[in-house]
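Structures given as structure tokens follow.
Common to both upcoming complexes is chain A, partnered first by chain B, then by chain C.
For the complex of A and B:
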């Protein structure tokens, strides 16, 4: 037998009256903190402080391990040792695996650091382990803390009004923040949004504008001074194109109701398990892709494909986006791993503004293959739609950034 | 035996799942952590049982894609026993979902989870009376510390379909 909704609530009323008694409830310190962090007047400054703390801990932890330890290890020991022992210096296998080197005064010279060498075992390993690993360890540690304490729903409430402007609601902060670690779980997390319209907007914006932890980690290391501008361009793009998508995508963007859970003390074992699970995933999935990406780009360089592509697309790169044509190589690598692409960009000679533009392009031009696969799993129609939006965004926004540079007199 | 964990978002279903199967699905303190189903195996009295963790849902009328997954898993597995996980501090709406599932004839046990938090809030629940009215086992639990989980599992065999008419009768009739 099925009850109507009214009958069901009527029955529940009867049951509750006979079984539940509510005693006096005293406000606790936890409740007080809970309220302070959710009321806009106090909550917003606290949210800014939390984000700032997140950012500075992230930067100093990752920097400590990368600059203080891995850079030395890789550049002073690993690279020279491999350059020494790997056979066939100057040959194609040597170039792909260890060091593509450079030509100076007509002579082949070896690279002196792991970013310039472009080898699978040098640049590839250095990017994956030396730079990205410390970054994602600290990122996931802090994310797990925020998740388990119960801060995320509060952030969602605080940012609700802003996200309504782009057809989403506060809870879209969850897929957004998860994407800052890795876009793949970010894409699956869009399932918590109610309508197709919201899921489409969210998925598209994530794939285009949210840089993953690996990418942020490498930016932090190789172009720390420019990162602020790059992130600013990405955030502005997220809102501009979200606003436009909200206007043109049909469908509803309903309000959201949320249960804000009480703050809970995080359990060390759970934090440990989560962080470890994500790092294990990084070793299993990301590292092979970084190495594969380095190998593919290395081979394409050796075959002259990248030079050919760069020349063929030079009008687009130089004329429209205002970046050097060598950007073609990193853009291919970016399909496999964005972190690798940024590392490769960082050693190409260009002006600061070109670097900003190029890194923004690498971020927005195509989701990495893992994200692509996950989007396909969520629905091919959405994926096609997102790709169409992406194409427009790359050309429109890339051109706009170039134009801004011209107007500012820096490009 | 097939067992399905169902309940509102953020009531601790994944914590139960990990404890019972030794699996490693993500647990967090926000609604919407689980967005897909996971299957695992546990042992009940020497017998292998399949346990399924699904996203949280407020009712059987899904409001988003994650809830759709939960409802679909319930409807695809007609032969499951249901562990309905209810936040002990918010018992009314938990019972709403439980009633919906009972109306469809699924055998059920109820876990009143986060029992410790309810005690802290001075909420008292008459377990025996609740069991009498609903006609299904009701077990207070604290999933993160493991309290009550053994009893919950041992009482899975008592789960049986109940007639809504009986519940109405036990509760003293509708208005």
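For the complex of A and C:
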């Protein structure tokens, strides 16, 4: 059946009469609050408060489980029991699986906590379950809440102008925040960006400047007082090198159009499904890497590879980055496990500034193996490019932090 | 009606002044790298709760002050509500931290805290946001009133 133009308009009028309600639109309180969260002048203070709540609840929740229960469970019960029942004390398998221990007065001495034992079944399990799991659970729960309330699109709009300076747009906040949980889904989420240039910049910045939940969890546990400074250095680096990459990487960085939904009451079932899905994904991808990484680090230590590389590279670490010679080993091991590397650094004697530098270096030094594999999946050219940028960034930014320390008289 | 509205405006203006004062005090105490305690009030000197948190209390105060004028208008009223939400965020985080600290028994104690230790965690002094919390809840009355009028 063919309709004339007039008939079409008549039909449109009929449908409109049945479906459209006419009347005076009254701004509701929800609408007005929605506007407040988008306008920069009022929205930025609100975003600052939301981020504060995010980290405060993260710290309290993770601290409750890790410091309140898991530290005691692992250090007072699990570690001594394993040290006793595992055969071959002092042997290489014992060192890799349970406790690498130490030598005092020519005798083998067992460790008294799981952060110093460096065994797969002790440090590996403690980091995976005692530190990372509570951190990941609360992180994904808070993220799901923000998404389902409808705050994330508003944050994207709010930060859009700032992210355009580094060749990205507001939605880049999604992979960035996801990476704070685990870099692997963060790298996957870069696909929401439109151009190759944007995806490359995002992936490179994630791999270098965004610490994952495992690393944040362990920083919160062993160096809570320095975490703010470390994150500040990483955020500054994120924008400085993002700006530089935007200038030198060819390609387009288009504008984006976003539909901001109204604020909604989150549905418990939705939140549950999202959190469970993400935690299950984390268990499948990251936990095996934590345990495998702990095993490989143990083997490399036993073979003397890390000590050899540490000695060889010590002049660079001491001279260029201004950190003690002993940090060379953990910094090299950071390729496999950044969380374990932070734990190793926390027991080395050094100044606060050196600790900040060393942990920033662990973050920007190299993506963990799981992220490395995910980046390779996105394309080997992108991976090579990101690695080239990373090498330059480590030396430039690491040296710059050392220089700032010298100028401030604290390095 | 106009009388009631002006009472509300005065109330939130005073609350705004007090909240702004607390925010500035928080930032000053943090800048001095010390702690401040007086009676039931305690201002933390650490960078996170004192500095970052202090800035949020300050923003809450400014929202109250900015929204107190022409209080009946929806956009102005939303600023008052937002000031209260910021206080609830801060106080909620402080109370959540208290709850998580009150349950475990501590490093050398038993697995769970004793009843005295548990209750003792909730004893004063309190952070400024916790003290401001009951006063910020007044906004719920006005939200409810506005909903009934619609």
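Everything below uses one rule, namely that the second predicted complex is superposed on the first by the 371 of 411 C-alpha atoms of A that agree within 3 Å, B and C clash if a C-alpha of one lies under 4 Å from a C-alpha of the other, contacts with A are read in each partner's own complex, and residues count from 1 in each chain.
Criterion: a residue touches a chain if its C-beta (ideal position, glycine included) is under 8 Å from a C-beta of that chain, and two chains touch if they have at least 3 such contacts.
All of these numbers come straight from a predicted model, not from anything done at the bench.
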item	value
Touching partner for A:165 - first (chain B), second (chain C), both, neither	neither
Touched partner set for A:32, first chain B, second chain C, both or neither	second
Partner chain in contact with A:69 - chain B first, chain C second, else both or neither	second
Which superposed partner A:377 touches (first chain B, second chain C, both, neither)	neither
Partner chain(s) touched by A:56 [first = chain B, second = chain C, both, neither]	second
Broader residue contact with chain A after superposition on the shared chain, chain B or chain C	B
Partner chain in contact with A:252 - chain B first, chain C second, else both or neither	neither
Partner chain in contact with A:273 - chain B first, chain C second, else both or neither	first
Contacts of A:8 with chain B and chain C, given as first, second, both or neither	first
Overlap of the chain B and chain C footprints on chain A, listed as residue numbers	none
Residue numbers on chain B that touch chain A, as the complex places them	8-10, 24, 26-33, 35-36, 55, 63-66, 69, 91-92, 95-96, 99-100, 103, 117, 121-126, 129-130, 133-134, 144, 163-165, 167-168, 171-175
Contacting residues of chain A [partner chain C, same complex]	26-29, 32-33, 35-36, 42, 45-46, 48-50, 52-53, 55-57, 59-61, 63-64, 67-69, 72, 228
Partner chain B, residues of chain A touching it in the complex	1-3, 7-16, 18-25, 144, 147-150, 152-153, 171, 174, 188-194, 199, 258-259, 261-264, 266-267, 270, 273-274, 277
Complex contact set, residues of chain C against chain A	47-49, 52-53, 55-56, 59, 62-63, 74-75, 77-79, 81-82, 85-86, 89-90, 92-93, 96-97, 99-101, 103-104, 107, 111, 143, 146, 150
